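Next come two complexes built around chain A: one with chain B, the other with chain C.
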Partner chain A sequence: MTAVTEEAASIARALAHDVGKYVARAARNLPREGNLPKVLIDMLSRDLYAPLPSGPTPRARFDALAAELRAAGVADARLAEVSGRFEGLAALRGSLEGGDLALIRRAAEEALAIERALSSLANELSTQARGESA
Partner chain B sequence: MLVVEDGTEYEEFANTFLGARFLVVAAHSATEAIEQLRSRSVDALLVDLRFERAPSDLLVGDVDATARRLFGGDSVRALRWIKDQQGTLVLAEIRKAGFRQRAVFVHDFPSERLKNLAKLYGDVHAVPGFDAAAIGAVLDARPRVPA
Partner chain C sequence: MTERKPRLLVVDDGDRYIELCHALLRDYDYATRCDLPGPCWTCERQLNCTLTHAHDGFEVDEALKKHRDVDVVLLDVAFDVPVDRLLPSTEKNLERRKRLQGVDILAHLRRSRGDLPVVLMTSESELRFADAAEALSVDEFATLAGEAAFDARALSLLVERVLARRADSPEAGGYTWGASSAMARLRRDASALSRTSLPVLVLGEPGTGKSALAERVIHPMTRRKGPFVAVDLASIPETLVAAELFGTSRGAFSGAVDRRGRFEEANGGTLFLDEIGNLPPEAQRMLLLALQDARITRLGESAPRSVDVKLVAATNADLAGRVRDGTFRADLYARLNPAARLVVPPLRERMEDLAELSRGLLKKKLAAGADRELLADYLDQSGISGVPHAELHLGKVPKHVTRGIALVLSKSTVAELQRHSFPGNVRELELLVANAAVFTLADAMSASREGRARKDESARILPIPEKLMRELLGAGSAHLGPDRRGVDQSTFDVRASPTLHGVAQDLERQLYERMYGELGGDFEAMAARLLQKPGPGGARKVRLRFNQLGLRVRAQSRKI
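Up next, the complex of A and B:
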């Protein structure tokens, strides 16, 4: 197995922060039942699709950082999983804008799954990097 | 609640989900945060950790000194480190200025790191994600859902 460098762990932490944390911002806090206020649907939509203040969309930021991580020698199945989930979210975009409640909730679940995958990847790589530098 | 971040995402989150309990004000640097703390009564701090979008001149931390101390003179890595840790460096400045309010980071710190932060900066907590219920519990507040 390739040694995990602190550089790779740092990229993974950026993925968890810049992508995972922010795509789940509204998704995690939606009421579990009933209709969703428009303000929350709009917030979810922005979390998932709008450019970040720094420029790229979450998906573009993910693609860039995932490429950096692969270049640093990390080939983890969670990167492909998250890429697939972003494909799914792209397909759901019209449903969010159209107000389809079931599909909005599905998009929120995808966002939470992205956060979980990137958070676990960051934690694992950080632990491995610390172990290898110790 | 004083939100300290390099963008507007925390402020919007706090207004949307914690706005029934807190009047939310925002700062985007240590200087701004201390100005806010001196000018109004603040119960709690919600602090971003990474300030990757902040201009270098607003950051706490000396890039050259950090480069020499930690990165063998590599100022690029030093600046990245400073941005990655900026929330804790801002909190250090806030504590130095004499403000002791409960601080909450939205970050998944390893437990040892969080213990160390609490040792250094007192009343410090962390919640792994934007979880209004968890943050509300830490701050003894109840999240709300907008009507």
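Up next, the complex of A and C:
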């Protein structure tokens, strides 16, 4: 296995922060049962598709950082998994805006799965990078 | 019922987290009726929102100037903002500076507010402790939210925990119980009475902390979510007391307007009436009715209004005596539950708590405001890094000070403090500690400016000059005057006894105990005070009677 650099770990942390944290913002706070308030559905929709505070959409930010991570020598399966989930979310966009409750919940689950994957990747790479530098 | 909701300041570079807090925390006891971005304090909608926000360190200053009553700060760690919006830092790497800007904001905040709880909104993996070890490890009021940062329910629970911890802290004026048996008894009784709907009568000398007991102990135990309303009856003109307590309706008297009284303001919470002995007769009648029926009637109205209030009344006066001489209603006195009264002991009867109290009072003094700035300036000038912090050491110079500075009282000063009678009780001690700390720091600053002080580890230890303490102790007692300092102006707690002899003996015991404390255990001085012609055996007689009354000599006794 290629040694993990601090630079790669830093990119992974940026992925968890800039992408994972933001896409999961409203998703993790949706009520588990019953109807969903419109304010939360709107927030979820913005989390998934609207530009991030830094400019690009979550997916574009993910693509850019994932490319940087691969260039830094990290080819982790979770990157492909997250890419696939973003594609799934793109397909759900119309239904989400139409207010279909089941599909909204599915989109929220996808968002949480993205957050989990990116968070675990960042943790692992940070630990490995610290191990390398120690 | 008016609930006191926690006031939050959310600090994040973007609006997303702020928006989330506004949208979600409303379900968890926060008034968050707004979902607009932008500083709340410029909002024209006036929704009484208990959430406000800031986007960088500069806006934090602005927000805290405007909202001094913020309870908790929720602070992001990474700030992607223009360089001119970043706080000054020694970090050269811009990316790292932005990534840890929240830690710089925390350090900046600590210069002025040591007591303000801050929740760092980040998971542990994002903020490595090593990055901010100094800023975090020395801060009792900074908490890492971890996963709770992004979960409204977990976050609300975290905020609740943080607030509860703060309420108990000396910095926030938490109640110091100490280790004396009198305070242990008070704690037990206060706890029992707080859980009932009964009124509570608190007795004690001035400065013993009666209002603190009401606000910080009794109120939080039952009426935490309701308001705490305190009224000092000694400061209100007699003719206005009834209007102040029960409210008025327009036309009740010339110039009267529709106005809620303090009873209505305290609805759902606690009403603390200090100096209840000063209540004029008409207001006594109205208070009795309010306690009997849980209803009050505004002046000028005929229809009563229901109120749900826990009443705590305090006095230094002999209420039973006032009942006897007819100036206080016997039925109202009975309603105030005198059998279960709480008696806050004077400081001289709990001298074993002196060290703990002094340390807590110093922390409180230096927690915020100009005094904290003074401490921060001294640390800067002496080249001491880290969060402003000072510990009080009594009678022992610490070998190493790893955090902030140590203010040290010499052994002889501590002995002098223990001999002091503290007629002004904890309030006097509070002023004494505050003055000692501030004068010592100011002198050390001058010495440092004039190049008379060393800028190394020794700058961390500041002895409080003995001369300064003697002056402060003398000044603290001087206001009473040499011939008024003593028992003649004190009151006694009259307790019923099966025989009159028992009552008299109890009063005598209180007199001896108090005089013994005030005169530092000097039996000759006690004899001179008690006997017209004490003679050579006077002190021995007094000592004998002292023993007969079941009192014991403490270590501080100097004579006989």
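We adopt the following convention: the second predicted complex is superposed on the first by the 134 of 134 C-alpha atoms of A that agree within 3 Å, B and C clash if a C-alpha of one lies under 4 Å from a C-alpha of the other, contacts with A are read in each partner's own complex, and residues count from 1 in each chain.
Operating definition for what follows: a contact is a pair of C-beta atoms (placed from the backbone, for glycine too) under 8 Å apart; a residue touches a chain by one contact, two chains touch by 3 or more.
Only a predicted model underlies this, so the values are computations on that prediction, with no experimental measurement involved.
S.K.: Mind checking the superposed model to see whether chain B and chain C fit together on chain A or clash?
M.R.: By the criteria stated at the top, chain C and chain B clash after superposition.
S.K.: Give the label of whichever partner, chain B or chain C, reaches more residues of chain A.
M.R.: The partner making contact with more of chain A's residues is B.
S.K.: Contact-wise, after the overlay, does A:Gln128 reach chain B, chain C, both or neither (first, second, both, neither)?
M.R.: neither
S.K.: Once the structures are superposed on A, label A:His17 by its partner contacts, choosing first (chain B), second (chain C), both or neither.
M.R.: In the superposition, A:His17 contacts both chain B and chain C.
S.K.: Quick check on the superposed pair: does A:Met43 touch chain B, chain C, both, or neither? Answer first, second, both or neither.
M.R.: So A:Met43 meets both chain B and chain C here.
S.K.: Is A:Arg28 contacted by the first partner chain B, the second partner chain C, both or neither?
M.R.: Touch partners of A:Arg28: chain B and chain C.
S.K.: Which parts of chain A are touched by chain B and by chain C alike?
M.R.: Looking at chain A, the two contact sets intersect at 13, 16-17, 21-22, 24-26, 28-29, 39-40, 43, 53-54, 119, 122-123, 126.
S.K.: So in the complex, the part of chain A that touches chain C is made up of which residues?
M.R.: 13, 16-17, 21-22, 24-26, 28-29, 39-40, 43, 47, 53-54, 119, 122-123, 126
S.K.: Which chain C residues qualify as touching chain A in the complex?
M.R.: Residue positions touching the partner: 13-17, 19-20, 23-24, 35, 78, 80, 123, 125-126, 128, 150-152.
S.K.: Which of the residues in chain B come into contact with chain A in the complex?
M.R.: 7-9, 12-13, 16-17, 49-50, 52-53, 80, 84, 106-108, 110, 128-133, 143, 145-147
S.K.: Report the residues of chain A in contact with chain B in the complex, numbered from low to high.
M.R.: Against chain B, the touching part of chain A is residues 10, 13-14, 16-18, 20-22, 24-26, 28-29, 31, 37, 39-40, 43, 52-54, 115, 119, 122-123, 126-127.
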